[in-house]
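In the part that follows, the structures are each spelled out as structure tokens.
The two complexes that follow have chain A in common; it is paired with chain B in the first and with chain C in the second.
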Partner chain A sequence: MATIVSPIEPAIAPSLGTAPGALDRHDLTDRDLIDVYRTMLRIRRFEERVKDLFLEARLYGSVHLYIGEEAVATAACKAIGDGDVISSTHRGHGHCIAMGLETGPMMAELMGKVTGYNHGKGGSMHIASLDHGMLGANGIVGAGIPISTGAALGFWIQERPNVALCFFGDGAANQGAFHEGINFAAGLKLPVVFICENNGYAQFQSVKQDLPIEHVATRAISYGIPGVIVQGEDVLDVYGAVKEAVRRARAGDGPTLIEAKTYRFEGHFLGDPEPYRTRAEVAAARATRDPLKLFGAQLQELGVATAEDLQAIHVQIDDEMERAIEFGESSPEPPASVLLTDIFTGADEHGRAS
Partner chain B sequence: MPLPHGPDPVPEKFAACSVRLGADPEPFRVLDPDGHVVGPLPELDDATLLALYRWMAFGRALDGRALAIQRQGRLTVWAPATGQEAALAGMGLAMESGDWVFTAYREPLLLLMRGLALEDLLQYFRGLYWVANPYDTGAWPIQIVIADQTLHAVGAGLGFRLQGQPHVAVASVGDGATSQGDFYEAINFGGVFGAQALIYIQNNGWAISTPRARQSASQTLAQKALAFGLPGLLVDGNDPLAVYQVARHALDRARAGEGPIIVEALTYRLGAHTTADDPTRYQPPDEIAAWRGRDPIIRFRRFLERRGLWDAGREAVLQAEVLVEIDGAIARAEARPTPSFDRVIESTWAIPPPRLRAYQAARHAIDREETP
Partner chain C sequence: MAVVTMSQALNMALHEEMARDERVFLIGEDIKDSTYGITKGLWDTYGHKRVIGTPISEAAIAGAVLGAASVGLRPVAEFMYMTFMMCAMDQVVNQAAKSKYMFGGKAVLPIVYRTMAGAGRANAAQHTQSLEAWFAHVPGLKIVMPTTPYDAKGLLKTSIRDDNPVIFIENKVQYATTRGEVPSTDYTIPFGQAAIRRAGTDVTIVALQRMNEIALEAADELAEIGIEAEVIDPRTIVPLDLDSIVKSVRKTHRVVIVHEAHERVGFGAELVAQIVQHAFDYLDAPPIRVANPNVPTPFNRTLEELSIPSAAQVVQAVRGLMR
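Moving on, here comes the complex of A and B:
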């Protein structure tokens, strides 16, 4: 059940979220629901295989896994359409997959291969595909906020009916870019939806230590926009809230700040010894807040899929991951000659304007 | 260090002007625009009330003189505070010895009230650098970069807390500064670590030519305090007795180590942004007329007149006195020798880098050649 914290427009409260005890599938068809499950599972398996490859030294660089948070990206990206865009974070694999990027070129990108989305020069934290409306993962905390606000400003200037979704974490909510971006978007009523994935930890610091208030969504009050809290492991709850926020954005009513309470099952990055939280806390979250398990049960409750149907999807996805890894590993590395391409437009190899 | 989770309840007197969820705050007010008493009076004796009025009149007269001599090329720039004298003088009166204040460029009156000498301040606006020692008065050099004094005040306020000193650092900013990332990061950090700081927003309606309505979609700027779990108070910035009382409460609270507090004073810039600006191009004439009717000096003067503390004769004497005082400071500032170039480097670097030392030496050589 979504909770509205901003006093500015409490009138939107009744249309958001699901009533307690009743499953609200919103406008999602059976096919849509299965599709959502498939996407969430694709993210989970991709991340699991990335972890394996990393530990086997078949993949290098810093990797931040999205396991436990799959419902947020999947539901949010399901609520937008053609021409809409998203900005992502350093933990961006899930957002990429939710926007329809293929796992083969993604895996190739992580491996630094020429067949990757950024020709192997971006890596895990910089996957971008403008064809998919994916404006990019970003290694800088909070940097996606001004980027998506800028994209929304472009839609507004060009009078295009599109929206931008902006994903960021609880740590980014303490950055000046958060304040400037949302204040600007709210002032111009830009078509952007700000989605804070509050996974409880900014790197190694608990939100209890760095956030002086209980909810990030309360900060919506600073900008005169609605603030909404959703359970991040409940894919239908997230979908309902984002769908309504996207409707408002498209209608010219301006941005919404949505806080998804979620949990990161893995460390901040692969190799994080996690001294800041207990194993029991993680085990409890895995047992009770696994979005995949919860949604699998919901699909069966709704009569949309049987356990066998879901099992078949698991087999398909496992097979897809094998092919993605094979695609990446069999692809060539980029030649040294392309080192300075794709950096500046209209510039020579030294970055000078032509 | 304990983390403050949410603001403490404010005293009953300030409940209605305090920001909270689901209700619009009413600005705290003591005097109506005609100087009638409509709220609780502070406990100030007659001498202090008159001193407060004198400071406000001094600020207005200083703006007039400074604008005139800037046009004569005797000052590089001036940012008049005409219309904001109550917001500045109320805060200046409420601060205590040992408190520090970090301002932008429109707050000379506040700095002078804290003990900065006018002739020292004028050196800065003559295009020289800051000559006064901030440790003497707690009046820190003017910050031109919008909102960055928030960082400085929060840092100082954290220092006061860590050293157990009973002082408060005040950041004086405008409405435009509230949209800056530095403003946000500073207050958030100060809130988490309990800095002894007061964030004082003088909302004068205009950030150069950007109106308040385009600055932020939030109804008040004080309500941004809720984003940090801090108290936020709204005050009529053209009412010196209201500003004084709200400032006093906020300073006491910060001094007691209860964390930062945000105060928004609603006022209006009746002059130009600076001497390089023409506000008639953007400020609506009816808006200016409405705010002229709320002139803080007229309001306070009428209050004093009704109490038998003021009349036309005293006003005439005061006007003559402040001009003599201001002109004396201008003359002293202009009579001072231009400080040596070395002071620019010495007041910036503890150990100047080699390139700068080489430049310094070359410059000295030129000076020697030019000196007959």
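Moving on, here comes the complex of A and C:
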């Protein structure tokens, strides 16, 4: 007789079911909490200034902003340490900043300058700094999933106690690379944490049209790994979930799929006319789901910072952004002589030993 | 010096490199039991963390080696058939090939993608295609195509020690049928150095991999009618030893290029362009290609044979040039 395998209930996140109560600051000290706020603000201001510069034609190319999603990168990268790595997406500025990349060379890269992290050869969608454990933003949706899985494979082979965090969007969950990468990682119990930033839209299309199920995290069931849903605007919620997933990964228990429900305050790219959603929808999200405002209030509720303390941080960050822009704009263009360098290691553009 | 098969020569290279450098590991489908014997015995010697069997997930394999190389390892991935690489093209072409340049030169990515191409074993079209030109078109990939067991061992060792993504193409028919002397000692063969397999004065035949064996047969036949062919094996097509080829063409004034890949926009088309550019004034006849006639490889043995360049076709092409 045939056996019917029923549709499985979504993996309900503990966090979503938790009643409102006392804030859980986990193991974060006052200094840690302030650092988290500073990083989130640094991402917000960086993106806002990038938007301004783009609209003023002071930088060019394809630019995808992370405004509204700052808590995810910040919390997740706070949960890892030295020697750990991440892979990122086309919406990668926030991940870079959360991994400690400096805003000056980042801004220079967006401007195509020689002082940029990639010497102007990558731009917004390809910032990488292996020294920071940042394996690269990526212009191909879902491509980072096999790559971070491979970094975790490297740690597993070398028996290093490190983990890889893999950021991707809801759109990537429908790529073949998602299935291949997570299935492979789960099979070997590799130390990787898959973090889906579900911001509601895959380019111009609502996730409601793209996903036949409600949650990306439900797909964890088919790989035999935990699936966890967190509110992406709640930095402490994200931190708690990633911290636990990192602990499991380091302990040899394998990957976790975390879905952060978040919201993209800006369009898919700078210049997106946003025909797929209403202004009221965006305004509502900005009013109720702004991670920065929410965390600022939490810090005051915890007694970690006063409104004045936070204001002082805002002044510092605004000043840092001015310096980042100044650094970028005053930096030289790459010379024509570098056009054909860096294609190969130790060889010219023809592959001939140099 | 022992006479071994192509498979055994490749196996020797992997054994030696894994023993020499613990950062080298193998990953691919069915590599523990090794369908064609290339990775035979390696799992027993080096264990499950250095000989990693994967699900049938070519994109995961191709991307995983990039990630592993990023954290200091020297992976050797195996794609059982070159046609299977089509399932992994984003990771090979958009990721591995471009990362170094996009990152401003900072990434060092020692990756070998081993795979098997060529026709002649009745695998039909989806398991039979020679796609070296596709990969040669993409900046950032080196393309290696060994012809003899001696070269296969030396070039695979060079590939593993190279700090770039290398597409290492093996020929399915040669695995068991091509034999040659291979020393058990450590040696490497530099990229970008063609081998002159036969010296001659009347025509240059540039032929890749198994087609070089065909070219040598043709050269023997041609010698019987008084035509001395110079047969060149490029061994690597990125980098390409254009100097040796151009030098030969300037001497012989005629050239025939032989490969198993489709003629249209194949490696031969690129080589003809280079030869015309660098040896135009020396040519006594137009350069000619002998290649697959732009057809998916048929299953039927007779039809398949017809789609693969033969010694007779090469002889005919050369005689056409000598008129």
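Note that the second predicted complex is superposed on the first by the 330 of 354 C-alpha atoms of A that agree within 3 Å, B and C clash if a C-alpha of one lies under 4 Å from a C-alpha of the other, contacts with A are read in each partner's own complex, and residues count from 1 in each chain.
Operating definition for what follows: a residue touches a chain if its C-beta (ideal position, glycine included) is under 8 Å from a C-beta of that chain, and two chains touch if they have at least 3 such contacts.
Because the structure is predicted, anything quoted here is derived from the model rather than measured.
Asker: Is A:209 in contact with chain B, with chain C, with both, or with neither (first, second, both, neither)?
Answerer: So A:209 only meets chain B here.
Asker: With both complexes overlaid on chain A, does A:337 touch chain B (first), chain C (second), both or neither?
Answerer: Neither partner.
Asker: Tell me the contact category for A:140 with respect to chain B and chain C: first, second, both or neither.
Answerer: Second partner only, chain C.
Asker: Between chain B and chain C, whom does A:219 touch in the aligned arrangement: first, second, both, or neither?
Answerer: first
Asker: Could you look at A:158 and tell me whether it touches chain B, chain C, both or neither (first, second, both, neither)?
Answerer: The answer is second: A:158 touches chain C but not chain B.
Asker: Determine, under the contact definition given at the top, whether A:180 touches first (chain B), second (chain C), both, or neither.
Answerer: In the superposition, A:180 contacts both chain B and chain C.
Asker: Residues of chain A touched by chain B versus by chain C: which partner has the larger set?
Answerer: C
Asker: Residue by residue on chain A, keep only those touching chain B in one complex and chain C in the other, then list them.
Answerer: 176-177, 180, 183-184, 187
Asker: Going by the contact rule at the top, pick out the chain C residues touching chain A in the complex.
Answerer: Answer in residue numbers: 25, 27, 49-50, 52, 54-55, 57-60, 62-73, 90-91, 94-95, 99-109, 139-140, 142, 163-164, 190-192, 236, 238-240.
Asker: Under the stated contact criterion, what part of chain A meets chain B in this complex?
Answerer: It is residues 5, 7-8, 174-180, 183-184, 186-187, 189, 208-210, 212-214, 218-219, 221-225, 254 of chain A that touch chain B.
Asker: Any idea which chain B residues touch chain A in the complex?
Answerer: 3-6, 21-23, 179-185, 188, 191-192, 214-219, 223-224, 226-230
Asker: What residues on chain A touch chain C, complex-wise?
Answerer: Going by the criterion above, the answer is residues 85, 87, 116-122, 126, 128-130, 135-136, 138-140, 143, 145-158, 162, 164, 176-177, 180-181, 183-184, 187-188, 341-347, 349-353.
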